[in-house]
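These are the structures, in structure tokens.
First subunit A sits with subunit B, and in the next complex the same chain sits with subunit C.
Coming up: the complex of A and B.
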């Protein structure tokens, strides 16, 4: 009994440290965003805000292009997510169901593409996009995001399709369902947790992508949030309140997305882990 | 056909014939600058709107960029034909664009502007090499020593003018949770700037010999690094990761008694006490109390268009911007940070009438005075060594400090290693 108690206390201690490690930075960012400037930079940081002010949010939303950057990010991340799903679902299903020469090799090659360091293709890709007239377009960012999210998405969805008993699909076929109908009416609802996991993964990676966006977007009006926001912060003189308010708002869409599909996302991750 | 009808048709035809000419006469220019904070973008836009209204044949639009990316982005964009017509620069950025053939000399234009506005010679010098002038100076930034007079007087300390006084002051002020001197040790540009400011005050300002060979590994450089490392003992422990913002926050929160910074005026006014009489600024102390030097960045604008019409329109814009009634308002997009590089700009009402500038006039006058002895590594004594761009891009000055302060390498060895690293990068 004593041993169990000690074990539980040790577990609770580790859990507490882990939660503190993850939650504390968010706590300081969120509470800092509503503090007066002098309190933000105070010599001793305050855990509980001693002042309250929305001035940083007002300044961020009224005197900067932050809302525009958020809108750009929303367009790019949503389009990237939708296109990735539209391509990954049939591709994952094809890798699972279709028999063709080199299927396994191609499947592994896709994962190799995922492991490829993206930074090395930045300049060549810039040249290609320049020739195609895609520089300074949101489409360029969508293409990049889809290209980097697709391998993982296909790999993950294939494992989900593989987990569905073959009898279900055969029964649907016997009832006269064409392959696409079977995919749409039977298989997709069954892999919904996997689709949710892929959607969240793609949205978050697109939402936070910085390197390609910083180089391929030239005009301020098309900048996504991470790049636009880094400019708002400034170099020599940092407005810490603005920084904290912007950082707080930037996680809002991801939090909302998790609120809608979070349960499926977790289910997707755990199911994917054992298949 | 009656005469009036014929006349009106002729007039109409003439107007139609002229239309393409009018359309062709309209010139659209894109300005890239790295002043991204919203209030600076807003100020630039106000000026652009005024210019565009007074010059209907030219439209200038701004696209703010980030210093962190522009070194890679600008060459790529220019190669792709999507670059700007005008691009702000600091001296070590210009050689990169000159190296890819994106620049043509604007020597005649700078001479013309100099005759009207009287440029600070050191600002032009930083862009004058290889038989040309490669950018038009716009504003100056120089490093200074900032402090609170009340803090120094409470400790019975005078403003330091020598290294010994500086060290003694930092030591005496390091108590009760306050650090005497906030100095960075990050491998980043800010550390390059503070290290060089110390070097320049210890007789180690010349990184190159006249023949272009490296002159970094000298006893003066070693002494400067040793002194800097000693001073780090009076800095907060997290100073090894600082950039400009953290140093300013340390000063604004009264955690650092002194810091080296271009300007703290804006932060001090908006995030700290904002009492003008208790903000002190001084020249950076020199080793033996002689003339004080400092690092100074003459920011400029490069004219990049290969099209004659666009180039002429760009010059029209720069001429307009440097007129004293516009220039002061341009500088005051960040009051107290950007200093004039022209004589008539330094005297302009548009500069001194800004409320923040009026409030901190004494400090700004000191900063302008300090900047007279401004210098920049690789651009000293009338000699310019474009190879410094590679050294600057890799932050070798800061890297050398890190070898001493973080890994504990002996200062003399670290400086020797630093020169070897510079040699590798230059080759």
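Coming up: the complex of A and C.
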């Protein structure tokens, strides 16, 4: 009995530490964004805001291009997600449901691509994109995001495809279904959670990508949020209220997405990871 | 249209493979070619110089300093991330009210853009205002504000903390998978035999989790090596080059000193090293689970 109590207290302690580590920073950011400037820089930080003001949000949305940056990020992340799914689903189907020569080698090559040091291709890719006229286009960012998300996306689909009984597929094929029809009508509905997982992964990585966007995008009007926001950070004299408001808003879209399909992402990550 | 059976799989994987080859392999080949020339900035042409860039790089102490920093960076992050993730995963593997919500939302730190992560921690760790320093001063743990980015060692340690903070939730989820695959009856049987929590951990959890931990250490190593944006945005490699890991050195050489070819040489060396590591690791990962 005594041991159980001690065990529970240890668990409570760890959980408390986790909450402090993960939730507390966001709590301070979120509450900070609605405090009056004088309270933000107060010597004693307040857990519960003592003042309330939306001035930082008003300033952010009216005096900067922030809404434009958000729009650009939305477009780039959505397009990247759709294209990644279009490439990853058929590839996953072939890798994990079909036998063919060179399958293992190709799959291993894909895993290697996942370990690719991305900075290495930044220099040559800039040159290639410059020749193709892709510099300063949102398409360039979509291509880059898809390239970095695709290997992991295929990997994540593995357990979802592997979990489907072979009989279902055979029955569909005996009924005369063409491979593409079998994939579309039978497999895709069955791996829907995996597709949701991949979609979340791709959207988040595209939403957060900074390095390539900072090099490939030149005009302010095409900047995605991370690059635009870092511009705002450097542009004004440090105005913490404004930055806290920007930080809070930047988190919002991914949090909303996560609220709906987050558990599938968690399932996808945990299922695919160790199998 | 009907494709022969042996062509069909390639029709399905073809687009993905071609895309990855064009976006990753082709630029990599270009990087190799670039490293054998003397190009200074993008768009200009250079002469073929053979291995001169490699000789320059390998005889430059900057390269070796960065390589050494990268090694420490990777080890420190892999260890800290995996430890944090292990503790978190063990806790989230218990049953308590709200555990499902906790399992989903632990990744909050990972879904936030790095630019925002950087901004948040710069504010929290700020020496004027901020949150951490006032709290430390108030509690009397220190009588002077701590400059978390001021000295080389401090800046390096702070960066390791922030980077691990961002990535450990991701690792936690993958570790949870390993934990949930350990049969519950093992724990029940051990409890009946009178084994306490610690004994259950050392005799059941640890041995059965070890393979997963190995996999995650490899993944953590690859993820950490490639980290560039957090470092660049927080310290830009400073103070006194204390945080200039290889990706930062590559970026600096290419886009600050305009020595593209030399940067490409460093990049190729880094790739060879990392790919060698990844090849060994995936060979191990690709083995069937029983053999691990």
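The rule is simple: the second predicted complex is superposed on the first by the 268 of 275 C-alpha atoms of A that agree within 3 Å, B and C clash if a C-alpha of one lies under 4 Å from a C-alpha of the other, contacts with A are read in each partner's own complex, and residues count from 1 in each chain.
Throughout what follows, a contact is a pair of C-beta atoms (placed from the backbone, for glycine too) under 8 Å apart; a residue touches a chain by one contact, two chains touch by 3 or more.
Just so we're clear, the structure is a prediction, and the values are computed from it rather than from any experiment.
Enquirer: Following superposition onto subunit A, is the placement of subunit B relative to subunit C best described as a clash or a fit?
Expert: The answer is clash.
Enquirer: Which holds for A:110: it touches subunit B only (first), subunit C only (second), both, or neither?
Expert: The answer is second: A:110 touches subunit C but not subunit B.
Enquirer: Contacts for A:240 in the overlay, against subunit B (first) and subunit C (second): which applies, first, second, both or neither?
Expert: The answer is both, since A:240 touches subunit B and subunit C.
Enquirer: Please work out whether A:230 is in contact with subunit B alone, subunit C alone, both, or neither, and reply first, second, both or neither.
Expert: A:230 sits against subunit B and subunit C alike.
Enquirer: By the touch definition at the top of the document, which applies to A:215: first (subunit B), second (subunit C), both, or neither?
Expert: both
Enquirer: Scan A:64 for contacts with subunit B and subunit C and give back first, second, both or neither.
Expert: first
Enquirer: Quick one: is A:123 in contact with subunit B, with subunit C, with both, or with neither? Answer first, second, both or neither.
Expert: Both subunit B and subunit C are touched by A:123.
Enquirer: Touch test for A:136: subunit B only (first), subunit C only (second), both, or neither?
Expert: A:136 sits against subunit B, while subunit C stays out of touch.
Enquirer: Check the contacts made with subunit A and report whether subunit B or subunit C touches more of its residues.
Expert: On the superposition, C touches more of the residues of subunit A.
Enquirer: Does subunit B (first) or subunit C (second) touch A:41, or do both, or does neither?
Expert: A:41 contacts both subunit B and subunit C.
Enquirer: Of the candidate stretches 75-83, 147-155, 183-191 or 273-281, which in subunit C collides with subunit B after aligning the structures?
Expert: 147-155
Enquirer: Which residues form the common part of the subunit A surface touched by subunit B and by subunit C?
Expert: 40-43, 123, 126-127, 130, 215, 227, 230, 233, 240
Enquirer: Applying the document's contact rule, which stretches of subunit B touch subunit A when the two form their complex?
Expert: Those residues of subunit B that touch subunit A are 34, 36-39, 41-42, 62-69, 72-73, 76-77, 79-82, 141, 177, 243-245, 248-249, 252-255, 261-263, 266-267, 270-272, 334, 337.
Enquirer: Mind listing the subunit C positions that touch subunit A in their complex?
Expert: 2, 6, 8-10, 12-13, 15-17, 19-20, 23-24, 26-28, 30-31, 34, 42-43, 87-88, 90-91, 94, 96, 100, 102-116, 119-121, 123-124, 128-131, 134-135, 138, 165, 169-170, 173-174, 176-178, 180-181, 196-197, 211-212, 215, 222, 225-226, 228-229, 232-233, 247, 250-251, 254-255, 260, 263-264, 267-268, 270-271, 274-275, 278-279, 281-283, 285-286, 289
Enquirer: For the complex, which residues does subunit A have touching subunit C?
Expert: Result: residues 3, 7, 10-11, 14-15, 18, 21-23, 25-26, 28-29, 32, 40-45, 86-88, 90-91, 93-95, 98-101, 103-104, 106-108, 110-128, 130, 143-144, 146-147, 150-151, 154, 178-179, 183, 204, 207-208, 210-211, 215, 225-227, 229-230, 233, 240, 243-244, 246-247, 250-251, 254-255, 258, 262-263, 265-266, 269-271, 273-275 of subunit A touch subunit C.
Enquirer: Please give the residue numbers of subunit A that touch subunit B in the complex, ascending.
Expert: Residues 37-38, 40-43, 59, 63-65, 123, 126-127, 130, 135-136, 214-215, 218-220, 227, 230-240 of subunit A touch subunit B in their complex.
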